[in-house]
């Protein structure tokens, strides 16, 4: 088992430019069931064995795609996400970086109405090792196993996963939630799913400066999660008011600092790692690896 | 019994200008339970014994008003209706004439979400004789009784009711749906309520040119209504393309003509009166008055 | 309020919808220089709010400026469906490869705007809708969210396989919606939307009807009003708070309330008479209104009798009667007059009228019949 | 992107929000004539993107144009929180009866914009929020529907009992939202919103922060960018696809990915070193990017060692290594360099670097420690 995606999940790819086409291929190579592509003007063609459609609606109508991954450039991404959700997909993964925050806010209003979940935007996607990957994560470093990973970033997730895998701790599902100030699903949404997932035995929360999602997660874990959870927060050395790469990684107000987040996590009984190696050590303590 | 309003219905009045104040008084005189008024800047004052508030939210919070009647001028009416609905009222009666059609369309989207019903706009309101009246109908001509009246206009409703009352046929609830192209509740919504109302034994549908609501009602009656229904359609002599007073009373396309409506009603087994006297005759046949 | 083609095209252009770079003129000599300016060949199009201009000879192709002048001369002053042509649009002629239809209107049943599109453009869309409804694609528009690009593309790719044409059309659809929303239209239509031989997409004709209820938001659009003579009279009535539509019968009607006014016309017709007009004086008993209403009725030469039908509701009958008396003191007319008055304070009202020498009836059907009879007598005198 | 007060006020004015009719100037002599134009007394306000201008002496009242000149002369060139004042705003002084606060920002938790209002204006609102949160009124804003008039009125009537003041404030709130939405702001703030002694309501100060993600929609606003020297450097990095923030440590960092870049800074600090910067080169292995990144690092005089930390994910390590080699061929530096390379095609990547004479490590912590040690040595040499 795993959460949100598995090998049966029917995935379509929106935006078959350079990146979309490349990652469609990578996903297929990993085993993801890519059933359709969407690219206006490429309707009727085929790519890597899957049919391409002009519109998301047509793709869903013809292939019963249930999940869409968005590689469409930022100015057109809002429309693409709405197209996917209105066409009937129940999960949209937005890899696109740079979508205006207010537009994402509006999109989420509509997606909530439609009952469509959003991963991202500005997300590397998610992967259920050995089952399916939807997004741009490098499949090779992942290994099937008992650890759920929820992160706000990309390469840092790989770093964490790489060391977990090296230490023998595989992953049930690893998620890059996205680095923007407003994103679809957050820690608590994933935590709830991982709590109910039979394969998951422990969860790693990889947080960073900005916002207060980690604090919300801490409270949620204390209240609702029985499985062991380990935290890790980056950006301890970030100065206030400066955006550290991710649009969402900016300290505004006291709650956004790494120190505040670490404190709240620990106050709620969640051990917080100082380094990536430390994460592995904490997980090892929890799972007895 | 009656539909939508009765003597216990807690009503607030939005817009206490000349018309709103006058009709608030008239409604109280009729027996309507007016619990609050809303008029920005008049908060803290009293009118005819009821407290006035600056905002709809405050009025509902303080008085548990469940129904609001809108006398606010057209440019501010959209906002007033939304204020009433968001404050928690479940029935809004918009007397205001001249609200732009697209604005009403947007308002209805939000009211549907909120679960608030809208009578009107451009409606004379509704009355459950002997119980409550919400709007501007002249109470004196109404009499409690077994006939439900659903109409698209004001004075014509009075004309019909006047003759019904004179002939001894009182009314359970009489509704002026409003004369605009887009209105909240329509024939079918009221028909369903009247069908389930213990006091109602027959229904008069007063229709006019424009749109196809009467046709929809015909189909609905045939399928769902067991009580006798009588129709009356005005505008037989109206030329196409001309707005006959009501924004919605304009023949565009074949379905909007009086002839088309009469035909469909008759095809669905609903007798259609040629004159107001004829309505009374048909009702008398149905109810054996 | 209906806009003429040249006005609608201007609004479209402001929204970024491609249209021919035409020039509206009101004389043949201006048409010639307009043709010179835009370059020939040109199409001279009568600017009237009526369908079937082409069939009526209101649209002509001109190969030279001189020809444009002659064509404009022929069209200006022409009568199309009772309307005298006072303006022509001089549009550069284009080479058409295909004609399509797109339009946005209000779906009263769904209570939302809806876009219609069809590959069968350039002809009467209502005929297409009646004869082969499957040729029309419908796209609902959420009034709060508007027509989104993905929705427009879904429709556009049904009209065109070609990416460039489909995307150009989708863009025009979104702009048509933006225009519709911006001006509070009740109809915005491009028919035909032309595919030119170079593959570009262009709005060849344009139609916009504005929501009268929303005109208070768009005072700048009020200036675009170009009323026909009959609309002029209706407009004048509107300024006095009256709602008036002229018909061609003999019984002038004055009624409070639109529904009752229609019912009054219907009863006249039902009894064998002919209503001269629709006239709703609304709920107020203001004498000024009644004066203006009387003026409207007596100015109609067809009118042989006047039937005033008032149902006193909130407005009390005595107030209405006072208004009537004041009005009748000002407006002197020999036309026979029947007054029906009923409702709140009916008796007081009748007394006031009777003191003035008018015996009001309480019966609408009786009143109508009496007016018909008086008109018949007057007609015979 | 943060706007300065005079820029934000201009956007507010365009939206119809009342503000003092001030003039922005860059010299004392201009300040004098500006004071003459607006009429004295005036307030001379330093235009810097920093709080606490008043306490720092960056805001002065002037009774005459000559005084305005002297005040501007004193403020221009002044340093407030490391920023040199280059512009002052000359605002006509007003008579203040009360100070309020309104602001709109993004609520990350609720995922929607939210308006905050308070009767405790004119002071640091974060302090108010921390000390007496009950003094702040929150109003959620549906991003699709915007702030509606009735919502604004609900808040405004909590600030003012007086109808005129409440309605004026509600109107400003709605316009503040319209401005926020129009320019895609992440913050729009009026502090203080002043009640003047004549009862009118005015935006006395103005703050707007724009969403960098949305700047592609607002090219005209890009011209308002007035970067400070450090922002200039960050902006230059952005133009090359890099994300850079300068700090004051010794270890220059170059990392792929924002999260990993922060983790790299953290591990350096954790091990006793000091990071000189945040630098995310993103996912691409383009040598040009790496060249620019190296230029940024070597141009920082504090840097004593460079730590390059790359996790090859989708971007293969051999591609990254090739990029690095090309970059290092172009940028000559004596600074000690530590490269950490791991992930996809790690071995091929290390081989390429080793052929170039660089022994890459696969261990992030080890690499960081090595860089710290090298910096310490360099510092001692």
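When the chains are written out, they are named A, B, C and D in that same order, and each has its own residue count from 1.
The rule is short, and it goes like this: a residue touches a chain if its C-beta (ideal position, glycine included) is under 8 Å from a C-beta of that chain, and two chains touch if they have at least 3 such contacts.
Bear in mind that the values here come from a model prediction, so they are computed numbers and not experimental data.
Between the CA-based centres of chain A and chain C the separation comes to 55 Å, rounded to the whole angstrom. Centre to centre, using the average C-alpha position, chain A and chain B are separated by 51 Å. Contacts with at least two other chains are made by residues 110 of chain B.
Annotation for chain D: residues 144-145 touch two or more other chains. Viewed as a contact network, the protein chains fit none of the simple shapes, being neither a path, a ring, a star nor fully connected.
Chains touching one another, given as pairs, are A-C, A-D, B-C, B-D, C-D.
Interface residues of chain D, counted against chain A in their complex, comprise 106, 108-109, 111-113, 126, 130, 142-144, 181, 184, 186, 211-214, 216-217, 243, 245, 247, 255-263, 265-270, 275, 278, 280, 283, 311-314, 342-344, 364-365. The touching residues of chain D, when paired with chain B in their complex, are 145, 148-151, 153-154, 157, 161, 163-164, 166-167.
Partner chain C is touched in their complex by these residues of chain A: 40-41, 43-44, 54-58, 76, 79-80, 82-83, 86, 110.
Contact residues of chain A toward chain D in the complex are 23, 26, 74-75, 98-106, 108-110, 136-138, 140-141, 151-159, 162, 179-182, 206, 208-213, 216, 234-239, 242-249, 253-254, 258, 274-277.
Taken together, the chain C residues at the contact with chain D in this complex read 144-145.
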